[in-house]
């Protein structure tokens, strides 16, 4: 019996499989597939948190392939649904009116694949790391599940990010910087986790610049280190946010919350913010690096206008590639018969 | 002149007509219709209350038939519309910014059919029973109206329920139990009303188990009694929630509010809840009955996990059949030329 | 290089171009275009404020032309997105999580056209008149932008209004009354502005009846006066709300807020309301005028039931024409190659 394929965590994919998906996305950007490969199929994209790029890229991807996208606000009340329970054995006499043990298989009877965005609650990393909603989707679904950003990862973003880099360079051996950035909130770690997993799978030399107390989850770091070892890249972590830019080919900026002070917003101190914000002065230390960010981005907090509006920025292309990545993921999950992602290709 | 057809209340259909719709739904589950019978048609599904199965089953049904579904949050503000007035002659200087006397015919100019979900307000049964919004839709619409659950009924659910039973037995002469169940809120009576109307139209022997004070509306009971008399079934009402399970072929569980203490939640007393919750012990008294519930269901309040996860439960199939029922209703309303529902067939 | 075409302000169109669009809308009402001219195109309709007719007419128009409509709640949180910034150079440490400088070009990578509804904030007319969100959409978009009602205008409504008049009379030389009407809120001036701009472009004699202090913006009045001068119509402003109806062929009712007491609701005095409400007695002074309103309308505050339900009212046709106007606008923006709106035609 064939295992049900999902697209929820990068760790489920070998570097070769993930790079093959990126190849497929780049090919789909150039040429639309013939016919309507998703004709007759409905897709439910479920959001427990707000979205712009993810919703629209998924809807357009599905529609462009002939499918019918449905965007659902799960657990939002009002125009959305009631609260959803994920714990097995619960006595449901509280706020949640439905268990995912029913909701997920029901959606699977109506739809050919299910997407889920579910952010961390921000109270306990242990609880958030268990990803109760996404885990329930994987457990109860009879159709493929797509992670549209969970507590630990954002694989659709990582796929679009890889495509964006590949359009401009062969990533293997190039220097990738993930830099922590200031923010007004304690943001999820999904994007930084997936960014360094992606870069390490692509054979890049990974540097992470972050303040003390802002280390990524050790399990993620372990996977990144393993990837780097296997793919021939290096891995460094530093708090020297200036030197970290030297000689970089890609600068990926993102704010995230501290695991040490979980759920607490970072310091709003002006000097601290100035130190960590991405600026033209920092970018000029790089080897004409690409500036990348998953968006939405707070201008002049995370990054200076002059960087976003300058020659380094590829953030709009990066967002566009979410569409082509979504098409590749949908076709991978819904139209291929082999268990592997796609024909294995030489890693670029 | 032909009367405009709606699908709003089971009482508008003869048993033969309703059973013919179920035949159509079962046929549509096996074979999709050729072509795109709803091509060029848009359908507006209007929700004044939250939904999951209803929204998605209607959207997928419409899309799978080639139509374009539009889901609207009516009266919700924010991402939805302003409040809607339904009383004729109102001086509209309050919260409602639009009268259904305009909104409904306007939607009818854009769309080939209109669905409406409008729950009771829970203050006065007399007011709720008048179903002001649904009545206004029927009165003002120039296109077919589908009831997506009103104060008094949920006919799409009843159609799916009948299909679910028919897939497993010939309902005529079989024993159907509607059992009241505990809950944290005073829920609408739409589903229990429609469930017993459906069972009585299908020729089943109907038993209703409910606590004192939880009788269904007398008009509904009169119709059910008449149906039973005509179709050869029996009708019993009891508060002996244990004996009621004996020899049943179908157990349909649902909580609903009391007409005597209208809008008040039922007792949260642990013994009372334990007495009325559906359990494996109760199910074992049946003749290997199907366990049915319209969902969403509160686990371990309405029904024990071991029933929902056990051999009795058909709730996921029941939910899937909402899709096929919706397809049958849409085709019935939008593609047939005769005034009757479908060719009359022998009642199963 | 060809200038990007938008449909955001009537002042961007010559009378001939605007009338040609109305011709196209009337033709599309009679005959659907062959094939699916928007096949493969997604359209994003972005709402910062609630909508009924606009959302549904845009969705149905796009779908009927083979396109894929996406309705987005921008800045609404919950089922929608986070807040949006529009000011250049902002330090985004407040509520807005994304700048339109990113959001708009990103949507333009996914979609072939973008619609925006953004009402005035109601605090300062100078700020509202600058239309920060719509201006940002025009500035940052790489695809056509459609104004779905801004602070200063509602051109899709005006196009539908012109079609509605043309279906019943040749507008040139006919008498058009825009009458202010009572309301519980200080409403935007978009519709009255566009209504008189439309009437003046169509060569009608324009009268505006309004209480002292409710004059429209001088820039709009200047354009209307210029249009009247060029098209051979007359322009009058009066507070004699009774005589204003004499001999009119069209009565267009609308409430709007005062520029003098900006953002303050109009008087709720019963006599004042009675004086300005549209009544059968007033309508009987007209030359069997059409009664027009953009909807939603507050019955018995803006207009008496007997007018809305009487022989004068064309409000439902007017709403339906939003659909045909939307189709004409989409085809104009997305399928024509010349810079002008359409072949110039003799003005009707």
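Points to keep in mind about this one:
So that you can tell them apart, the chains are marked A, B and C in the order they are listed, and the count of residues begins at 1 in each.
Criterion: contacts are C-beta pairs under 8 Å (C-beta built on N, C-alpha and C of every residue); 3 or more make two chains touch, one makes a residue touch a chain.
The structure presented is a predicted model; accordingly, all values stated were derived computationally and were not measured.
For the pair subunit A and subunit C, the fraction of shared interface numbers is less than half, so the two copies use mostly different residues to meet.
For the copy pair subunit A and subunit B, the superposing rotation over Cα atoms measures out at 120 degrees to the nearest 5. If you average the CA atoms of subunit A and of subunit C, the two centres end up 40 Å from each other.
Across the assembly, subunit B contributes residues 78-80 that each touch 2 or more other chains. Across the complex, subunit A is touched by residues 40, 42, 44, 68, 70, 72, 77-82, 85, 88-94, 97-99, 101-103, 105-107, 109-111 of subunit C.
Taken together, the subunit A residues at the contact with subunit C in this complex read 32, 47, 50-53, 55-57, 59-60, 63-64, 73, 76, 78-80, 184, 268, 295-301, 305, 308-309, 315-316, 319-320, 323.
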